[in-house]
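There are two complexes below, and they share subunit A, which is joined by subunit B in the first and by subunit C in the second.
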Partner chain A sequence: MRKLNRTRGGNIAIFSILILLGIFMALPLVYAVVQAIKPIEELYIFPPKFYARRPTFDNFRDLINVSGNLAVPFERTVMNSIFVSVISTVGHVIIASMAAYPLAKHKFPGSKVLFNIIVTTLMFSAPVMSIPTYIVMAKLHLINNYLSVILPSFASTLGLYLMKQFMTQLPESMLEAARIDGAREIRIFFKVVMPQVKPAWFTLIIFAFQASWNQTGGSFIYNEELKLLPTVLSQISADGIAHAGVSAAAAVLLMIPPIVTFLITQSNVVETMSHSGIKE
Partner chain B sequence: MMENKVGKKTGYFRNLRHRLYVYRESYILIAPYTILFAMFVIVPVVASIALSFTDFNMVNTPKFVGLENFSRLFLDDDVFLIAVKNTMIFSFVTGPVCYFAALMLAWFINELSPVFRSFLTFIFYVPSIVGNAFFIWTYMFSADRYGLVNGLLLKLGIIREPIHWLTDSTYMLSIIIIVQMWMSLGAGFLSFIAGLQSVDKSLYEAGALDGIKSRWQELWHITLPSMKPQLMFGAVMQIATSFGVGSVCSALAGFPSTNYAAHTIVLHAEDVGTLRYEMGYASAVSVVLFIIMIISKTVIGAVLKED
Partner chain C sequence: MAKKKKFKSYYRRKEYIGIWFVLPWVIGLAYFFIYPIVFSIVNSFCQMDVTPAGYSFSFVGAKYYKNVLFIDQRNLPNILSSIGNLLYNVPMVLIFSLFVAVILNQKFKGRILLRAIFFLPIITTGGVVMKIITGDGVAQSMMNGTGGTAIFQVTSMEEMLLNSGIPQEITTFIFQFINNIFGLIWKSGIQILLLLAGLQTISPAMYEAASIDGATGWEKFWKITLPTLYPVLSLALVYTVIDSFVDTTNPVMNTIISSAQSLNFGNSSALCWVYFTVIALVVGIVFLIINKASKNR
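Moving on, here comes the complex of A and B:
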């Protein structure tokens, strides 16, 4: 069925733009994967090739071997990162959404001020906050404790802002109906609001997971056993024991979990909302 | 009582204590976030702002110096002024371009069938997912002839010597701008995708009956007004990424870069703070950036007329 107000020429033009730009976006990552499966001698040939003549998993094997020499087993580090990322993501989504609902829909005393403060702090650049944050963590005795990575992710401003923006759009009448039925606000939040803003929190899962997965925790976690994957991988690359292919392999490995999260959640965004939209 | 909580009637509650009581559930919902936010965001931000008026080397106690750090920044620190200039060029190019590209792409993609839509969303978003993806560009623009770009240009005979893309100050900033555009469709793009999904579809049919003739009219009169909150969110995120540029520059062009050609405000703060241990001064640098960003946000907020 032809959609409303669409011309064939316009569709073709749009599709061509998307394909061209899509290639530009995809190429560098394809190249990263190619570098990761190139045997070492192919990394240094002229002219450089965009494909691997003899693809191999040597780089990945070397990566595991190099990390085998580390004091802590590689699997342990991977599990650390997965653990921290999952907890951070779940907490971030729930806590941010819970706070976003009253900010979007209740005019309680202080709501405007609080929201403005939250959005404004989004603009404060992270590097200089590292020293004050470290002092806070030290005072709370959270150094070498995963809470030092997890708790700040719960306080992230991005999630709250995203959820609030979507909840603002919910029609008042929908909430009123639930209130007349005698539902309490907490129940309305879980039963009425959250199902309606599904695309928002599925999107937030992506942001939150990606942010916590890439967390190095470098300034708070010093215990080798507790270190997170990005830190350990950059140690491996920085030690000079690894060549370019191994670094590429490490990078490709790091990409996998956020990509999987993205694929799972994004297909849900499209599926749940493609026919409905938020109705008045 | 309950229906009074929302809507215009709230103005009748003169008594603050009564209002606090009526909204007690709101406060319960918001409490966990607010407590964590105060501890891990408010305290560090306020501490940094306070430190910007002090001389603090991380060993001695901070000494109050008034506005000295700020006057030093603008009067005596040439590198800071270079950083401001670079950050501005950078933000004014990447900010608007990325923002409108993200919006247009999200809108185009939204036209497609679900399979294509998921696939293209993935392709366009994946550079932002992959945290440290920009290192790939160092392979592509590597200074020897094994780098992809040099290799190609040499082979085609366009250049005879490999170009030092990332250490030559002529090319540095442009390459970083390209890389930044590549990876920063990011948060705005995905929120636009989700926002477009949430637009009430019956509005389009109503619009067609009211005489909307083309997809552009539809975008302007129906789609954009329906997703103002997402547009504002995207703009704020774009400001934060554009002005906050730093790690991409240092990863690609080195730190410090040749002639500071890729030096930015964030990198300057890192430089004085973590290498020279002048935390008071570094905080002043961040406060300046903070003010620039707040001004941009206010301007954009006024344009989008968001309340």
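Moving on, here comes the complex of A and C:
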């Protein structure tokens, strides 16, 4: 890849800055992890310490104990969340990319209008729209149904916008070559376009999974058996001081799946996607 | 003649295929965005009453808009201050995330780990993890601004600087910056990932060719990296602008959400629409700048 022609000293300086910034970013989370492995008597030492004197896994054990007392088995809740997140992520990535392809590469009637709508909807954030959205869900009879959590993510604008920006970079001649070879649009999309914008949809997987994993579904799902992990964990940790350690453990558990998704996708992105074989 | 007709229908067919590709998304959009948005417009002009049969609307005209704009004195200054924040936040976030993304795109040991660290804020901001963490006093103060100084014990340094005769305005500015650094870094997570993905689409052959022609790293950055990154950079710009407006810590957003929670839907929707108009204007200006810049390119 890119050959660095900086001096050694310059490199060291840049990486020290980077590491310093990295520490800034990681600090609150390191603190959360440390809180999770602190025994109860160390949790309220003032000033708080960034290390645990006697690290234990008691908090995690307590978390399992507490969640064992719930009406619904804990595994069920975890599976619920994984199910919802995976379905939303897959649907989000496929639908957003499919919609992005013609917007980036075909000019069809109304495509300009559609693009303006996309940017407009980006400006409305979910909390503002929560009441009208509830009414829509109630009208569609989707309350207490996972579709109420999954379907809105299929219509995400951020994903579409992201995929569109990346697809505009694709050289037109590559698509033309595929067309001359007789490929249909759907085939071009899956065999030519998607492999070329792999970094984009791998990034989108991270966003989409992260967004749906964090979804509480609190305003749509009331059935105890169907409740999602974030809701249940925040119910557990809502008990205040008595459960401070347990809620830190819960926070740590909740962070694991998005981090794993991130690591898998990032290490799979091939170093650099070249616009292979096309000479303009 | 027959040939020409066939040619035309090929393009017509292509147009229709495009529509099929977009259709699933458009249906979702209509249900989950357009309908709620229309509902909220109606709501801002009507009083909504919850009745046993559901809810009913009665038209009240621009009453809620008057409430929001003239009776409630907090809203206008809040809106102005969020525009002010934007001028400061957006360039900082973009420059910072570009800097980090370019470095993270290079090959070195442990870069996946370092990327993961810069991705952590995205995991935690928003969502339950944040709620659980911010339930804790220390982590809370770290994130909402007083943290930088608290951690590095710079209060005594501020006094020292003041005593050494540096004007108060400058020291306040410096320390405000240090205090905001958490917020700034934490807001850049998505932009870093976007730019990183953008950087990965740049072919190494371009850099190689440039090196052979004797370009320096600096020249390569301005002549190759930046122009190729342009679509992604403009995406990051628009995202940053909108994100800075609709962040839930923003005072205007707070008012909108809290008045909706206290069942004051009319006021909430009206303020939402006033605010939305402001955002749309700003984003429109941003798009004008982007278009102009891309034409000059």
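The rule we apply is simple: the second predicted complex is superposed on the first by the 254 of 280 C-alpha atoms of A that agree within 3 Å, B and C clash if a C-alpha of one lies under 4 Å from a C-alpha of the other, contacts with A are read in each partner's own complex, and residues count from 1 in each chain.
To be clear about the criterion, contacts are C-beta pairs under 8 Å (C-beta built on N, C-alpha and C of every residue); 3 or more make two chains touch, one makes a residue touch a chain.
Just so it is clear, the model here is predicted, and its values are computed rather than measured.
Visitor: Which term applies to subunit B and subunit C once both are placed on subunit A by superposition, clash or fit?
Guide: clash
Visitor: Looking at the overlay, does A:Phe189 come into contact with subunit B only (first), subunit C only (second), both, or neither?
Guide: both
Visitor: Would you check which partner chain A:Gln266 touches, where first means subunit B only, second means subunit C only, and both and neither mean what they say?
Guide: both
Visitor: Tell me which partner A:Leu175 touches in the superposition: subunit B (first), subunit C (second), both or neither.
Guide: Touch status of A:Leu175: first partner only.
Visitor: Once the complexes are superposed, what residues of subunit A are shared between the subunit B interface and the subunit C interface?
Guide: In subunit A, positions 3-6, 14, 18, 21-22, 24-26, 28-29, 31-32, 35, 48, 95-96, 98-99, 101-103, 106, 108-109, 111, 114, 117, 119-125, 127-133, 135-136, 140, 151-152, 154-155, 157-158, 160-162, 165-166, 168-169, 185-186, 189, 197, 199-200, 202-203, 206-207, 210, 213-214, 230, 244, 247-248, 251, 254-255, 258-259, 262-263, 266-267, 269, 271, 273-275 sit in both the subunit B and subunit C interfaces.
Visitor: Which residues of subunit A touch subunit C once you look at their complex with the stated criterion?
Guide: Within the complex, subunit A touches subunit C at residues 1-6, 14-15, 18-19, 21-22, 24-29, 31-32, 35, 48, 95-96, 98-99, 101-103, 106, 108-109, 111, 114, 117, 119-125, 127-133, 135-136, 140, 151-152, 154-155, 157-158, 160-162, 165-166, 168-169, 185-186, 189, 197, 199-200, 202-203, 206-207, 210, 213-214, 216, 230-231, 233-234, 237, 244, 247-248, 250-251, 254-255, 258-259, 262-263, 266-267, 269, 271-275.
Visitor: How about subunit A: which of its residues touch subunit B in the complex?
Guide: 3-7, 10-11, 14, 17-18, 21-22, 24-26, 28-29, 31-32, 35, 43-48, 50, 95-96, 98-99, 101-103, 105-109, 111, 114, 117-133, 135-136, 140, 151-152, 154-155, 157-158, 160-162, 164-166, 168-169, 172, 175-176, 179-180, 182, 184-186, 189, 197, 199-200, 202-203, 206-207, 210, 213-214, 230, 244, 247-248, 251, 254-255, 258-259, 262-263, 266-267, 269-271, 273-280
Visitor: In the complex of these two chains, what residues of subunit B are touching subunit A?
Guide: Listed in rising order, the residues of subunit B that touch subunit A are 2-3, 5-7, 10, 16, 19-20, 23, 25-30, 32-34, 36-37, 39-45, 47-48, 51, 58, 105, 108-109, 111, 114, 117-118, 120-133, 135-137, 139-140, 145-148, 151-152, 154-155, 182, 185, 187, 190-191, 193-195, 197-202, 204-205, 208, 212-215, 217-218, 226, 229-230, 232-233, 236-237, 239-240, 243-244, 246, 265-266, 269-270, 273-274, 279, 282-283, 285-286, 289-290, 293-294, 297.
Visitor: How about subunit C: which of its residues touch subunit A in the complex?
Guide: Those residues of subunit C that touch subunit A are 14-19, 21-22, 24-29, 31-33, 35-37, 39-40, 43, 55, 100, 103-108, 112, 114-124, 126-129, 131-133, 135-136, 138-139, 142-143, 151, 181-182, 185-186, 190, 193-194, 196-198, 200-205, 207, 211, 216-217, 220, 228, 231-232, 234-235, 238-239, 242, 245-246, 248, 253, 256-257, 260, 265, 268, 272, 276, 279-280, 283, 287.
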